[in-house]
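So, here's a batch of structures to check.
In the two complexes below, subunit A is the common chain; its partner is subunit B in one and subunit C in the other.
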Partner chain A sequence: MRRNRVTEYATAAVLVAPFVAIFGWMFIYPTIQMVFLSFTNAPLIGNGVWVGFENYIRMFQDRIFWNAVWNTSYFVLLTVVPGTAIALAIALMVTRLKGRTQSLILAAFFLPYVLPITVVYLIWDWLTNFQFGLIQYVIEPIMGKRINIWRTIPWFMPSAAILTIWWTNGFSILLFLAGLRNIPRDLYEAAALDNASRWQMFRSITWPLLWPVTVLCLTIQLILQLKIFDQVYLFAQGGRTQATMVLVQYIYEQAFQKNSGGYAATISVALFVIVVIFSVLQYQVLRVRGEK
Partner chain B sequence: MKSILKAALISTALLSFGGLAMAKETVVWWDFLGGGDGVRMKKLIEDFNAEHADTVEIQATTLDWGVPFYTKVQTSAAVGEGPDVMTYHASRIPLAVSQGTLKEITADDWTAMGLGADSFASTTWGAVSVDDKQYAVPFDTHPIVLYYNKDKLDAAGLIGADGLPAGLDGIDNFKAAMKKLQEGGTKYGMATTTADGGFSFRTIYSYLCQQDGDIGTDGNWLPGDNAEKLTKAVQVIADWVKDGYAPGYTDYPSAVALFTSGESAFMINGVWEVPTMVDLEKQGKLFNWGAIELPVMFNHACTYADSHSFAIPNNVGKDATPEKHAAVLEVIKWMEAHSLFWATAGHIPANKAVNESAEYKAMQPQATYAKLLSNMVFDPKSKNAGVASPLFDAAGNAFAAAMNNEVDAASAVQEMKSTLEALQ
Partner chain C sequence: MADIRLVDVSKAYGNVRVIDNVTMTIGSGEFWVFLGPSGCGKSTLLRMIAGLEDINDGEIHIGDRRVDQLPPAERGVAMVFQNYALYPHMTVRQNMAFGLQNIRTPKDEIERRVDSAAKILELGHLIDRRPSQLSGGQRQRVAIGRAIVRDPKAFLFDEPLSNLDAGLRVRTRIEFAQLHQRMKTTMVFVTHDQTEAMTLADKIVVMNNRKIEQIGSPMEIYTRPASRFVAAFVGSPSMNFLPVKAVADKAGKALVTLGDGSVVETAIPTANLPKGGTFTFGIRPEFVRIEANGAIKGKADVVERLGDRTLAYVRLGDGSTVIASDTGISSLDTGHEIALGVDGASAHLFDDNNVAYSAA
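Moving on, here comes the complex of A and B:
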C-alpha cells in the first residue's frame, strides 16, 4: 500500500507541475518583482536605486492617488450590485421565454459583450456627442440644455457605469440562466400544489438555490470593475483626466507616460492589496449569509 | 512521399532565392501616420522601393500614434528589437534622449545626406537638438492654422484686395468679424476643439507666445508674470464660447464637421486637415476655402508648431552594420529630397531647398501659411513636454473646464501650474 501512495503523489506532482511552473513563472515571480520595484525609483525600463518607503510616503500624500481610489470605489458601487441585479432580472424574464424567441432575445442581450471596448467607445461617443448625439435629444428636454457627459464630472462615472453594465451584462445573464436551469422543476410543482404564490416561490426556491451563482457573479464583477481602465481612459482623453482618474489608469500614466516604473509599481501593490481584501471579504460575507 | 520531395525541392529553391536577395538591404521602418498623411507616406515609400528595387527595401509598419508609439519604441530599442528608422515628433526628443532611446545624428551622417543646419529653419533645427547634438532629421513642420470659408467671408466683406482675409488681427477685431459672419446667417464664427484642453493647448500656447510669454521648464514652470499671460490666452477662447461665437464642448471630429458643413466660418486646426478639405473639394462637396497663419491676438505673430522628423533608435546590443546605416541615411536623404509630395498632406517641408522651390510656392493654401516659418514656437525643451506628454495632459485637465467657463481662467492656470510643479 505504501508504495501505491508514493506513486499517487508522484502522479499528482507530475500532473500539477506544468501549472505550478507556469503560474510561478508568469504570476508569482512578476508579483514579487513588482513589490521589489515599488521600493526603487526605477524608470519604465532598467533598474533603479533602492529608496525604501519613499514611494509609499509619496503615495499616501498624493491627492490624485486618493482621487483614483475614490473614483474606483464609486465605480464599483455603481456597477457591481446594480449590474448583478439587472442581470438577474433579465435572466428571470428570458428564462420564461421558449425556443427561438428565447435564443433571439438572449442573443440581443449578449451581443454587446462580444464587442471590443474600442467599438463600444465609438458607439457611445457618437450617441452622446455634444453636437450630433442622439441621446442629447433625450437629455435636452429633461435638463433644459445639452450636457457634455464626458466632460461634466458628476455625469462621468454614472454614465461610464451604465455603459459598462450594458456592455458586460451578457455574461452574468448567461451564468444566471445556467443557474436557473439547474433548479429542479419538481420543486416548483410541489410549491404550486401547496398553493404558493409566485413571489413565495422566488423567495423560498429560486433565490436560495441561485445564491451560489449570485456570489460568483458578484465576485467576478467586483474584481473586474476594480480593474476598470479602458472606458475611463478612452472617454476622458484630452479632458479632466485627474478628476475622473481610476487606479489602473493612474498606474498606466505613471509607468508609460511619466516613465516612473517604481511609483507605478507602488500603486499596483496598493491596488493588489485592495483587490485581495475586497474579494476575500465579499466572498466570505456572501458565503456566510448564504449558509444561514 | 512524392509530395514531400516536391515540397523539399521548392523550399530549397526558395531558400536559395532568399540567399540571392541578401545583397539587398532591408530597412525596417516604423511610423505613426494614419489618415490622410499616412496615405501619402505610403506612396512615398512605394516610390522609394520602386526606385531602389535592387539596393534598398523599406519594410514599413504603421503603429498607433501617441503614448503607445513612444512606449513601444522605448521598450523595443532597450532590447535591440527596434526598427532601423522611424518617424518621431521633435517635441518628444528631450524625453527620448533622457531615456537613451535615440542615436545621435553625427556630423558624418549629415555630410552623407548632404544636409545640415542651413537646410532647415533655425527653430526647427533647434527642436531636434539637445545640448548642441542632433537626434533626428526634421522632415516637416506642422503648425496650426486658421481655416476659413471664403464664400462666407466674401459675403461679409472680410476679404481684402489680395484675396486673403483682412481685418482679423486683434481680439476685438476678430470678435467683430465673427459677429458680422453670424449676423450674415452663419451659426458659429469659430469651430475649435473646446472639449479637449490638450489639443487646444496648441492655440493657447500660440497666444502665450504672441505676448512674449514663456511656459518655463522643469523646476521653473510659468515664471514671473507668465501665469497672467497664460490666463489672458485662455480667456480669448473662453470668451468666444461665452459670447456664443464658438460652441462649447466640441470634440475634434465635431469641429471639423462644423467647419466642412458650413455651420462655422473659421476653424483653428492643424495643417494635417488640409487633405480633408482638398478631397472634399475634389468631390464638389466643399465651398471655397483657404488657410492662413493664425491672426495676431496680442503683440506679434506667433504660432505653435511641431515637426515630424526621422530618428534612428539606439538598438541596445544590436548595432547596425555600416551597410545598413548607409541604407538608412539613403532613405532619409531620398525622403527629404522628395518632400514636395509630402506637402500635399498640409505639412510644410522642413528642407529649405524644397519649401523655397517654385513648385512649393505655387501650392495653395500651403504657400500662404508657410510664411509662419519665421514666427514659430515649439514646445519647451523638457522631458515632460511635447505631444501626448504630461504637459499636454496638465493643459487638458485645466483648460477643458476653463474654455467652457466652468472655472475661471486664472484658477485653471494655477491648477495647471501646481500639476506641473508636482511632476518629477
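Moving on, here comes the complex of A and C:
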C-alpha cells in the first residue's frame, strides 16, 4: 500500500509547522541572538559593538564567575541526589497507604510544590528567624547557640538545599508513585513465593524496575537545580551576596544591575553549555547502566 | 509431595463474601482442577492456598503442617501466574534462580537445578534471554521452570493457558499432562475452560458463586452432575433442558411426560425424587438421536455440520428447542421434519432447587 509520498510529507509538514514556528521564534532565534550578543559589549537594551572573545576571556578570569560555578555545583550536589532519594523513600511509604489516607498524606507532601517562591521565602524566613524561628529551638541545643543561618556562609547553601528539597520534592514523589503503580503486583506475589524478604523485593524488583523513573527524576532535578536563583537571591539580600552567588543570579546581576547585556549573555552561554553537557551526560550514563 | 486439606475455609472482603465454607482434601500427587465461570472464587481459593490471600475462617493444611497463618514462601508451594509474572529485567536463568538465591542455595546446586529444569522444558537455548525476547509459550515454560526448580510440595496454576493462542493451548495442555506424569507432584489448576478441566484433571471442583457445586472425576461430573449449574456448565454443546408436564412411576423408575406430550422412560429411581414440585428434564445432545421412528417430533431450525457429527437445533411441538446429534455424514437439512429418539437411561431430572437426579 504505497501512497503519494509528497502528500504524506506535506501533511506531516503542516501538522508540525505550528510547533516548529513557535519553537523557532521563541527558542532557537533568541538562543542564536544570545550567542551573538555574547560577542558584543551590548548594554541591557540596544545593540553593542563586536568585541570578539573579550567577554569569554574576561569570564575565565572572573573570580566571582568561578565562585558562582562552585556555589551552583555545590547546591546541585546537595539537592539532586539527596532530594531524589528522599522522594523515593517518601513514595515508598505513601504507596503502602490506602484510599483517603494516601490522598491526604500525598497532598501534604505535594502542597509545598504549589507554593510560589515568595510564600516559601516567608515561611522559611520565619522558621529560621534568629529571634523566634522554630528551627532555632532545634539548632540551639545542638550547637549551643543560635545561628543566623542566612548570614553564616557555611550554613547558607545546605539550608537553601533543604528548603529546595522541601519545596520541589512533591513532583518527584508523584513521578515515583506513578512508577511504583506501574510495577505489576503479581511480581511481588511471585517474589513472595520465591522467598524474597522485603529488602530483597526492593533490591531485586522495585529498584531495577523503577530505574527509568529514577533517571528521569535525577535529570529533571539536575536541570532545575542548575538554574537555582530565587531562593539564594531572596535569602542573600542585604548580606554578602558575592560569597553565595550562583550562576543565574550572576547573570541577573550583570544584565539588570550592571547593565552589561553582552557579558550576561556570555555567562548564559556558559550555563547553557553546562546544563546540556551535564544532563546529556547524566542521562546517558544512567541509562546505559540501567540497560546492562 | 503432599496432600492439601481445606477445612471450612471462608473469606470476605468487608461485607462481600467471596468464599463460603469450602472443605476439600486434595490427595497427594493428584491433579485437581478448579473449574467455574469468572468471579466464582476459584482463583481466590487458589491464592488462599498459596498464601497470597488471607482467610477469615477455617484451616488449610499442606502435608502434615497447618499453613493458613504462614507466609507464602513457607508453605512450600510454587505458583504459575496467569500473566506469568516473570521478572522483566532478569534473564531466564536469573528468573529461575531467584527463589533459590533468596534461600542461599549453593551456587552449583542452583546451576544443576536450573539446567535440569531448562532441559525438561527445552529452554536451554533461551537461558540468557529476557522475558521480552520470548514468545508467549516460551514465557509460559519459563514460569513453569521457575516453579520446578524450587522442588515444591505442590504446584498451583492460575489459568496458565488463557494467554496462549488456540493451537499452542492444546499443545501446552498436553505438556501439562506429561509434566504431571513425570513429576507426580500434587497440582492444582484453575481454569474456566471445561476442556482443560476434563482432559487434565484427576478431580474437578466445579465452583459457582463462591461455593463448590460438585467435586468429582471428569466422567462423574459429566455423567452425574450434582446440579443444574454443573450440567449446563460442563459439556459442549450444553445439555438440553426441557420443561416437564408430569412425572409418573413405572417399576420404580421415573416416567417423564415432556411439554409436547411425548413420554420418556428414564432410569432415575422415583424414590429419590422429592414429592410434588416441578421438574426440568435434562439430556445431553449426544443422547438425542435422529431416528426414523423416534417418539418426539420436531422441525430442524438450524443444522451445524462439525465433520465428525452433525448437530440439529430442533423445534418441538410446544415451542421448546432441543439439540440433537446425528452422524457426520448426514442428509439432514434445515426445515426438515424429523423424529428424535431419546436415550432415557442417560437423562437427568432437576427439581425446583436445581438439584440433579440421575440414574442409579
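We adopt the following convention: the second predicted complex is superposed on the first by the 289 of 292 C-alpha atoms of A that agree within 3 Å, B and C clash if a C-alpha of one lies under 4 Å from a C-alpha of the other, contacts with A are read in each partner's own complex, and residues count from 1 in each chain.
The rule is short, and it goes like this: a contact is a pair of C-beta atoms (placed from the backbone, for glycine too) under 8 Å apart; a residue touches a chain by one contact, two chains touch by 3 or more.
Being a predicted model, the structure only gives us computed values, none of them experimental.
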* **Superposed partners subunit B and subunit C on subunit A - clash or fit** => fit
* Thinking of the overlay built on chain A, is A:P184 touched by subunit B (first), by subunit C (second), by both, or by neither? -> second
* With both structures superposed, pick whichever of subunit B and subunit C touches the larger number of subunit A residues. => B
* Considering only the touch criterion stated at the top, classify A:P18 as touching first (subunit B), second (subunit C), both, or neither. => neither
* Asked: After superposition on the shared chain, which partner residues are touched by A:D194: those of subunit B (first), subunit C (second), both, or neither?
  -> second
* To do: Go through the superposed model and pick first if A:S260 touches only subunit B, second if only subunit C, both, or neither.
  => first
* In the superposed arrangement, does A:F132 touch subunit B (first), subunit C (second), both or neither? -> first
* Asked: Of the partners subunit B and subunit C, which touch A:R151 in the superposed model: first, second, both, neither?
  -> first
* Given the touch rule stated above, what does A:P141 touch, subunit B (first), subunit C (second), both, or neither? -> neither
* Asked: Hey, in the superposed model, what angle do you get at subunit A between subunit B and subunit C, Cα centres, nearest 10 degrees?
  -> 140
* Touch check for A:S204: first (subunit B), second (subunit C), both, or neither? -> second
* With the two complexes overlaid on chain A, what is the closest approach of subunit B to subunit C, counting only CA atoms, in Å? -> 53
* Contacting residues of subunit A [partner subunit B, same complex] -> 43-46, 129-132, 148, 150-151, 237-243, 253, 256-260
* Asked: In the complex of these two chains, what residues of subunit A are touching subunit C?
  -> 184, 186-187, 189-197, 200, 204-205, 208-209
* To do: Name, in rising order, each residue of subunit C that touches subunit A in their complex.
  => 50-52, 71-73, 77-79, 81-83, 85-90, 98-99, 102-103, 146, 150
* Please name which positions on subunit B make contact with subunit A in the complex. => 67, 71, 74-75, 78, 95, 99, 193, 195-199, 247-251, 254, 257-258, 383-384, 388-390, 393, 396-397, 400-401, 404, 419, 423-424
